[in-house]
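Here chain A shows up in two complexes: once beside chain B, once beside chain C.
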Partner chain A sequence: MKRQIKRSVLVVLLVGAIGFVANAAVDTSAVIEQMSNISALAVQAKSELSQAAKGNDFQAILTAQLHVQGTEAALKDAKTAFASFNGAKTEKEKKAAMKKIKAAYSGALKALRKSAPKLAPKSGKTGSAYVPNVTDSLWKSESARRVANDRFDINYVAGGGTFGDRDATPE
Partner chain B sequence: MNRQGYLKLIVGFSLMLSGVVRAGSPNEKLQLKANQSIKVAEEVVVSVRKRLDASKKLLNQISPQSSEYKQLESVTAQAKKSWQESLATLNRAKKFAGRISSVSKKLAKDFTLLTITSAGIATANAKTVEMCLDYVEASAKKNKKGVVIIKKVIADSLQDIADAKTNYEQAKKLIVKGKSK
Partner chain C sequence: MSKEKICLLAVLSLVSATVFAVNDGSLKFQNTVRFGYDDNIYQAKDKQGSASISDILNITGKMTFSERSELLFFWQPEFKYRFDADPESVTYQDLYGRFSHGISENVFFQISDRFRYQDKGAEAGAVDRTDENFVENNLVGGVDFTLSKKDNVKLGAEYNFRKWDDKNYGKTRGNDYDQFVGNASYLRELKPNKTTGLIGVNYVDQSYEGSRGGYSATALYLGVDQNFTPTVTGNFRVGGSYSSIDTGTTDNDAYAPYLQGTLLFQTTEDTSFTGSIGYSVNKSENSVYNAQDRFNVDFGMQHKLTGKVTLYSTLGYQLGLYDSDYKRPGYAPAISDAKENLIRFTIRSSYEINKNNFVDIGYQYVNRDVDVSNLSDYDRNRVDIGWRVRF
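Coming up: the complex of A and B.
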C-alpha cells in the first residue's frame, strides 16, 4: 500500500515537472519576435509622419510626431532590455528583461493610439485655429516687429520723424 | 492502487495535460500571427507597387533638365530597390510558412517566428518605400517643410530596419541551433 502511494506521488511529481518545464524557460524566439514587432511599429509611425508632412496637415503632423516619439521611446527601452537579456546569466534576469520588452511593446501600441490635442479657436472666438507666428516670437519689440513687417514709414513717424526728412541733406 | 492513489494520478495527468496545452497554445498563436503578418505585408507591398507606378508618372511631369529631377530619380530608384527587397522578404516568409507543417514542433515554432520576423521586415521596408515616394511627391509640390521632415524620418527608419534585420539574423541562427540539436 505504502509502496503504491510512493509510486503515485512519484508519478505526480514527474508528470507535473514535465508540464512545468514545458512552460518555465524564457523563450528566446518570443523575445526576438517582440523586438521585430517593435521595430516594425516604429517604422509604421514614421511612415505616418511622412504622410502627414507631405499633406502639410498641421494637426496630423502633431499627432504623428507624438506617435513617433512614443514608439521611439519604446524601441529605446526594448533595446536596453534586449541587451540585458543577451547578457543575462540566470533565468530570473532573463524573465525580468522579457517583462521589460513586453512592457515596451505595450507602450508602443499605446503610443500609437494617442492623438494630439486639437488646435481649436479660444471660446467665444471664431475663425481658424491659432498658428504660431515665427516673426512674433523672434522679434519681441514693437518697433522690431514693425520693421519685420516692412512698415518702415509708420515706424519712422512713431520715432518722431516726418516725411521728407529722410531726403533732406544734413547741411 | 487505492482511491487516493488514483486521485493523485488524475491530478498528475491533469498537470501534464495543462503543461502540454499551454506549451502548444503559444505555437498556434504564433502561426496565426504569422498568417496575419503575411497578409498585412502583402497588402502593404501591393499598395506600394501602385504608388511606385504613380510616382514614375509624376517624375515624367518634371523637366529632366531641372536640378530636382536627378535627386528625385535617385530617390525613386532607391524606393524601387527597397520594394524589390520587401517583395523578396515576403516571398521568403511565405516559403517558411509553407514549411511549418513539415517540421517538428520545436522547429515549427522557430519557422513561424522567422516568418513573422520576415513579414515584419517586408512591411517596414515597404513603409520606407512609401516614405521615399512621399519625399518625391512633396518635392514636386515644393513643400519644403514636408521634405525636411520626410528626409529625417527616412534616415531614422532605415536604422530601424537594419535593427530588425539583425534580429532576423539572430532568429535564423536560433533555427540552425534548433536543427543541430
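Coming up: the complex of A and C.
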C-alpha cells in the first residue's frame, strides 16, 4: 500500500513536471511566434512605404509612414516585453510579459489598419512653384489631377498652353 | 456692379479675407524679359511680321492656415510691345486664387477663380477686328467625399464667361457667353495603388449673348485610372455625349462619342513624356457656329540634357468639326459641314546660369487650315530669346 501511494505520488509529480515543462515550452514558442509576427508586420509596413514613395502618392506615403511608426512602436514594446520574459523568474512575470507582447501584436495590427488623415488637397505639384496649374479642379480624380499638373508643367514651359488659351482673337 | 467687377472682387477676397489667419506661407517671384519675332502678328493669310519685347511677371503665393487649409494665389501680368504692329502695346493679365479646405477627414472642398483680361486695341489690316479687349472668368468649385478606404464621390461645378469690350462684337453679334458646367463621379479603388474605376456624368450649358442660342451637352462615361508601373500613369474616359444645339431658331439634337485619354511616362528623373487624346462636344471659338465636335491629340516631352540645360517640346493637333446643325442664325457659310485643322509645334530650351537666372530660347509653329469662308487659313512662326530671373 505504502509503495502504491509512493508510486502514485511519483506519477502525479512526473505528470505535473511534464505538464509544467510542456506548458512553459508552449509559452516560449508562442512568444517567439508573436515576436516574429510583429517583426513581419513592421517589415510589411516598410515595404508599403517604399512602394508608396515610388508611386509619388503623397497621401499613400503619409499612410505608410503612419503604419511604419505604429509597427515600429509595437515592435519596440514587444522587444522590451520579450527581454522581461527572458529575465522573468516567476510564472506571473512571464505571463505579464506575454500579455504585453500580445498587446504589442494587436497594436501593430491596429496601426496597419490606420489611414492618414487626408490632408486638404494641397496645391502640391501644380505646375511649377512659380506658375501653378490654373486649370486644376478638385472634381477630377487624384490621378487625373497629377497627370494634368505634369502636363501643364511641360505645356506651359514649352510656351503652349492650349489652343486659344492666349491671344484670343475675335472672328 | 458689373459681373466682371464682382469676379475680380471674388478673387481678391479669396486672397485677402483669409490672410490674417496665416500660419505659414511662401511667396515666389519670377520675371521674364523676352525679345521675339512673330512672322504673322494678325494670324491672317497675308502675313505681316513684327519684332517685339515683352515682360512677364509671375507672383505666386501660398499660405497655409492649418494642416487642412491652404490658399494659393497667382498673378501674371504680361506687357508686350510690338515694333511694327497696330496696336503696338498689348497687355494680358491673369489673376488666380484657390482655396482648399478639409472640412473633415472625409470631406474636402476647393474653390478657385481665374480672371483673365486682354487689353489689345483695334488691329489694322484686312481682318475685321475692331477691338480685341475682353475679360474672362472661370469660377470652379469641387467637393470630394471619401465614403470608405476604397470609395470616393466627387462633385463639381463651374461658371465661366467671356465678355468683349467691343459691344458690337460681344453683344450685338452675340459673342459674349456664359457657361455652366456640372460634374459628378463615383470612384472605386479596384487594386490598391494600381487601378481606380469610375463612372461619371458631365453637363455643360453654354449660352451666347442675345438670340444667338448656344448648346447643352450631357456626357456619361466610364473611366479607369491606371498606374501601369511606378513611372507610367494613364487616365481613360469613354462614353457618349448627348447634346442639344440651340441655333437661335431651332433645337438640334446630336450624339457624339466622349473620349478622353492621357498618359504620363517618366522614363527617368530627367526625362518625361506625356500624351493625350480626346473627342467631345465643345464651344465654338468663332462667330459662325455655336458648337463643335472636337478631336485633339498632343504629345509633350521634357528632357534634362545636362545639369543646366533642359529641353521642352510639344506637338499638338486639333480637329474642329462644325456640323451644319451647329450653325448659328444669320450666317450662311459656303460650306455647311466645315472642318478646322490646327497644328502646333513648340520647342524651348532653358539654360540655368545659376539658381536664380535662366536664359530661355523658344520656337513655335502654328498652322490653321479651315474651310469656312469667314475664317482665315494661316501659318505662324515665332521665335524668342529671354532672360528669366526668379527668387
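Operating definition for what follows: the second predicted complex is superposed on the first by the 94 of 171 C-alpha atoms of A that agree within 3 Å, B and C clash if a C-alpha of one lies under 4 Å from a C-alpha of the other, contacts with A are read in each partner's own complex, and residues count from 1 in each chain.
Methods note: contacts are C-beta pairs under 8 Å (C-beta built on N, C-alpha and C of every residue); 3 or more make two chains touch, one makes a residue touch a chain.
Since the structure is predicted, the reported quantities are computational estimates derived from the model, not experimental observations.
K.L.:
Of the partners chain B and chain C, which touch A:Gln51 in the superposed model: first, second, both, neither?
P.N.:
It touches chain B and chain C both.
K.L.:
Where does A:Ser36 make contact in the superposed view: on chain B (first), on chain C (second), on both, or on neither?
P.N.:
first
K.L.:
Is A:Ser115 in contact with chain B, with chain C, with both, or with neither (first, second, both, neither)?
P.N.:
After superposing on A, A:Ser115 lies in contact with chain C but is clear of chain B.
K.L.:
Scan A:Ala83 for contacts with chain B and chain C and give back first, second, both or neither.
P.N.:
The answer is neither, since A:Ala83 touches no partner chain.
K.L.:
Please indicate which partner A:Ala60 is in contact with in the superposed arrangement: first for chain B, second for chain C, both, or neither.
P.N.:
After superposition on chain A, A:Ala60 lies in contact with chain C alone.
K.L.:
In the superposed view, which residues of chain A touch chain B and also chain C?
P.N.:
51, 54-56.
K.L.:
Please give the residue numbers of chain A that touch chain C in the complex, ascending.
P.N.:
51-52, 54-57, 60, 115, 117-123, 126, 129-132, 134, 136-144, 146-148, 150-151, 153-155, 157-160, 163-164, 166-171
K.L.:
Touching chain B in the complex: which residues of chain A?
P.N.:
Those in contact with chain B are residues 1, 4-5, 7-9, 11-16, 18-23, 27-30, 32-33, 35-37, 39-40, 42-44, 46-47, 49-51, 53-56, 61, 68, 75, 79.
K.L.:
For chain C, which residues are in contact with chain A within the complex?
P.N.:
Interface residues on the chain C side: 28-30, 43, 58, 60, 62, 67-70, 72, 74, 76, 92, 94, 96, 98, 100-102, 105-106, 108-110, 112, 114, 118, 129, 132, 134, 136, 140-144, 146, 149, 154-156, 158, 162, 164, 166, 169, 175, 183-185, 187, 193, 196, 198, 223, 225, 227, 230, 233-235, 262-264, 272, 274, 276, 285-288, 298, 300-302, 312-314, 316, 318, 342, 344, 346-348, 350, 362, 364, 374-376, 390.
K.L.:
List the residues on chain B that touch chain A in their complex, please.
P.N.:
Chain B residues touching chain A: 1-2, 4-6, 8-9, 11-13, 15-20, 22-23, 26, 30, 109-110, 113, 116-117, 120-121, 123-124, 127-128, 130-131, 134-135, 137-138, 141, 143, 145-146, 149-150, 153-154, 156-157, 160-161, 163-164, 167-168, 170-171, 174.
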